[in-house]
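In this document, chain identifiers A, B, C, D, E and F correspond to the written order of the chains, with residue numbering beginning at 1 in each.
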């Protein structure tokens, strides 16, 4: 069996994280998993949503969108249709939960950080790219808040990254692109922290149900991929923060 | 450690599946996981959604709702707010995917079955009750179609059931009720078929990230619980079909 | 002429009112008019809508919904369509007005009671069942408020109940089921209080316009039916309150 | 007791029906009940709504709106709020039902007539003015269809008109204006045909429940008022049709 | 070349401005440009939108609507469709901007004036009629505020009026009616103040792009037309204010 | 007087047009006017909107959006708010009209081209950048259609470009950036074709009304700027088409 891209089963696509991609946001990143390209911005606002008022905690939330022609055939614009679809809401809830797991909301004070993840080109794995890039945008925004003395200590307690794994043509593979994703028998998105623990595990049988041993094989691939992504995040943040000094 | 309900860690709540609960639907069930009560109806319509037209396949889809006061404090009615929330959409997508995994859509012919899962009382685990009860409602509707000669052979290729597991006070527990669910460090919903394979695995760290060994312990509990649920489904269906003969 | 159900023209369907049907609401009832089954819950919240702020009065309002497959053929879910239809809004306005006529809003203090009426099985007369059962749920919630010392004196100044009447096959009949309702020449919903006075009278000619003498005959039937419903309400409330003592 | 307007209890406001008020509609009327002014247009389209396709019948439907400053204080524009309120939907359903009672839908053929009733100045009784004026607009549109040979025989089988009655300061009064309407203990809208039979009777207790004898007194006033309105309609139509000959 | 109406190229339609057309609004006008008829009301509310709170300034805004059958064929009601279309939003933004240019918002104090422009009959040029009539309604409302001592000095610093111009059959014409508008190669709406300066210039090539000299010819026609409209506004206001003295 | 950017009054910002910016769309461009960056994609679909069915003509339409943090402070996502605002609708109508002026819809056959213009970074002039870049994306899509033999002859009859002009600190300036735009007394967007004729002229007085001589000075600046933009478009297209050969 060969993967359509010619990659080895345990090989990520080329990963690029470009910091400070746009100029207005407190944190801004272009993240690329091969041909999947997502702009992640982190916007800081003082104050919190109503359900948190007066609790002395902050909030991190995420929104997700796709440009209408980020995909093979054009999708209707959600703003025009008048509502966000179920898939969009599901993904932005996942991104928000994953990034909140990286941060001590008490230490954030009564501030809200909104992570906007907008897909400008889709080729599979947009949600995992969004989480991985979103973490970097969040970190840059936190650095900005520290520098401006909005907060005193760094509320981030560890990195978070995400990758997809699946069963393609009967064997477990890492970081599925669209050609694989649309054919995969099982598709799983995994979010982990730098301690190697799980934040989210979402596996879905597409073709046939998957066995325990397949689950384990996928989780091992995911762990290996996420270790590389954590390194890429570190490089992107370290280089940038260094050069900004 | 004790569970608020006094149950053992690997003990399900009392499970009741009442078939033919309402009279108009082709399949209808009241499913109870302890104090969680969900009405599941299966409605058969000829024809399929536009994206399937002319392919000779059928479709199974699900919708989910909660009565405004099925919960501790009253929620706004989604029909009044003018849209279904992200949680609702996420749950109904999950139910639909899970039940489609139980059925051969080609053998269903160009027919659509809609599973409506409406929570009349919530005490944790509404989505897993909905999948478990929804399968029974689907099966009754299929029996009805066979009897009316709408289809010739049974398109169901095996049972599907679902249960939640989690880490509560540091130890893995089965079938969380609301008191546990709202305090759990990790919450996982598992959908399996009668062959013991996974249809869906959705684990979320609420408090702290979970380890591989915790994941495995939870999956084992889920498997044990689902085996009992598959039996309950069989009893409910077998008894009813028997008495209808 | 015979009624499809074999009932006499002045005969109600079997009426059942089950109190405390669900556990979270302050007042909760399953009301059955034959095969028409409606869950009515009364939810108490402190505070009032904006237009009443600072007036020292309370508010009673109602919402109405039907499960998608409560009817012969499945209806679209209003939450999915993104708005409540005209019929729904008309019915919930009627229920709200009728129940407000039973209560002294000044004596309620700045509290709001929301009556949710959700039809789980429809066979004609859902709005009259909702009013009749809604009054019982409201009364239970008021008892709860008195017991919790939220209010000091009972703000209810009398019972309210409702029934439908119509002209079916040329003769006036009481409490139409779906088979009659869909064929009736005239359909009228009447709401009365225990003093025998009218709260609402809504008569609609479906087939041909109705004469004054027909109107009078229908009103007399309605009065007779409502007297029995007031008795059923009293039994349901008295028994339940007794056993709770 | 005196009515705020100085009218006798059984006295209508000044009624004016101006035919051909706007130029594009097949039927168009300005109807005035005193200071209440409503533009009613009847628009003819070939074809029918989906639920009537292929049955060889026509359809008459109504829509209702108020200019934002037709009222004492400005209301939000429903188009801006994104939905029609419950009152609007209730009124346009009432107008539609009332006018359909005047017409043989089979004789209309597969054509749809939409009656738009737009209130440009409100002073109580807008729905009764809309029904009364809407009937005239409908009749003009039917004359237009006959002239253009769209239909062969007149499908109207009799006039329909409407008026409000109520209990104001303890005594029954006819055709309430806003000053009375906002203070009335009971408010009733009555729709009748030229045979003196009822199409709709909608009575609502606002302050206290009303007795049978009050109901009868109101219905008698309504009948008297409607007789005069039927005459006004006839004059408006007869004069106009005459001059068009 | 002849214009369909027989007018000279530089000739306005008959202009009529009827003040105090409806009774509730602080300012109210029926403006007619030939067969185009628009009701303009100005409603005064104390307070300002959130974005102006605490700045000591007032606000003037406009809303625009068309009765469904103000046009040749019936349009769907925007309130029923659930949103205002792009054309509606574009026009009401234009009217608002144009009228704000006539007024010193500081001198208005923290008050909001809403100009509602509702087209009851359309024959081209509804937005220019709305601006021209809207200015008169605004002026009447300001007179009302002065009289009631809500404000001390007149915040209006000059008249504003608007007209359309276009290229029809190759030659520039003033104040296009529908017959011309639907055939014009270029359509331009011009808003000017009494000093002869431009508030808005919006020119659109419909058939072929227009040259600089055509632009100039159109602007000259517009200026001539607007001078006459300013005079009509003055007459309408002067007469009315005179008689009210 | 100095412009905030230090540019001469008649100087454009740096203009960059990057073709084939994303890979799925038939035509795709990143257009930059200084710090204003817009992704323009052209998507080709066979078929036309309902109002054009069977006329043998094609359609070109545009949609416009801004990423939530493309601006100084974060804007709400229109998809989340459930509707597109008035400004969005106004801009996408303008882009669509402008690009339709460049093309012979008959020669396009029954095909629809949708131009999506998504602002990833805003610094003034997003709509003029969108038109200028949108034309290039449209042209690339047309080349694609010719190559694929979807159409036989090129339906584009000339280039179209757009720029903003305004009065800033009393003098006319070309291509306003945000710092100027937010302070300008007058703001004008001009769309022209390669023959030097006008497609759209939209001038708005922000601070004070503008005189005829100011209008003329702005139009001359616009013409000069558009000539340079037409050249940039030509370079972008010529280079790309050359290399693709």
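Note that contacts are C-beta pairs under 8 Å (C-beta built on N, C-alpha and C of every residue); 3 or more make two chains touch, one makes a residue touch a chain.
If you want to know which protein each chain is, UniProt gives these names: A, B, C, D, E, F = Ribonuclease PH.
Quick caveat: nothing in here was measured; it's all calculated off a predicted structure.
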Next item on the list: Based on which chains touch which, give the shortest step count from subunit B to subunit E.
Entry: 3
Notebook entry, point to check: Among all the other chains, which ones are in touch with both subunit A and subunit F?
Noted result: none
Note to self: Moving step by step between touching chains, how few steps can get you from subunit D to subunit F?
What the structure shows: 2
Next item on the list: Quick one: point me to the chain whose Cα centre is farthest from that of subunit D.
Entry: A
Next item on the list: Tell me whether subunit A and subunit B, two copies of the same sequence, contact each other through the same residue numbers or different ones, using over half shared as the line for same.
Entry: same
Next item on the list: Please report how many Å separate the Cα centroid of subunit C from that of subunit E, as a whole number.
Entry: 51
Item checked: Chain centre separation in whole Å, for subunit E relative to subunit D (CA means) -> 32
Check: What positions in subunit B touch 2 or more of the other chains?
Finding: 82-83
Check: Can you list every chain round the ring, opening with subunit A and moving on to subunit B?
Finding: A, B, C, D, E, F
Item checked: Touching residues on subunit E, where the partner in the complex is subunit D -> 22-25, 28, 35, 37, 39, 41, 43, 45, 63, 65, 67-74, 77-84, 88, 114, 116, 118, 120-122
Note to self: Going by the contact rule set out above, which residues of subunit D touch subunit C in the complex?
What the structure shows: 83, 85-87, 89-90, 92-93, 97, 101, 188, 192-193, 195, 197-205, 208-212, 215, 219
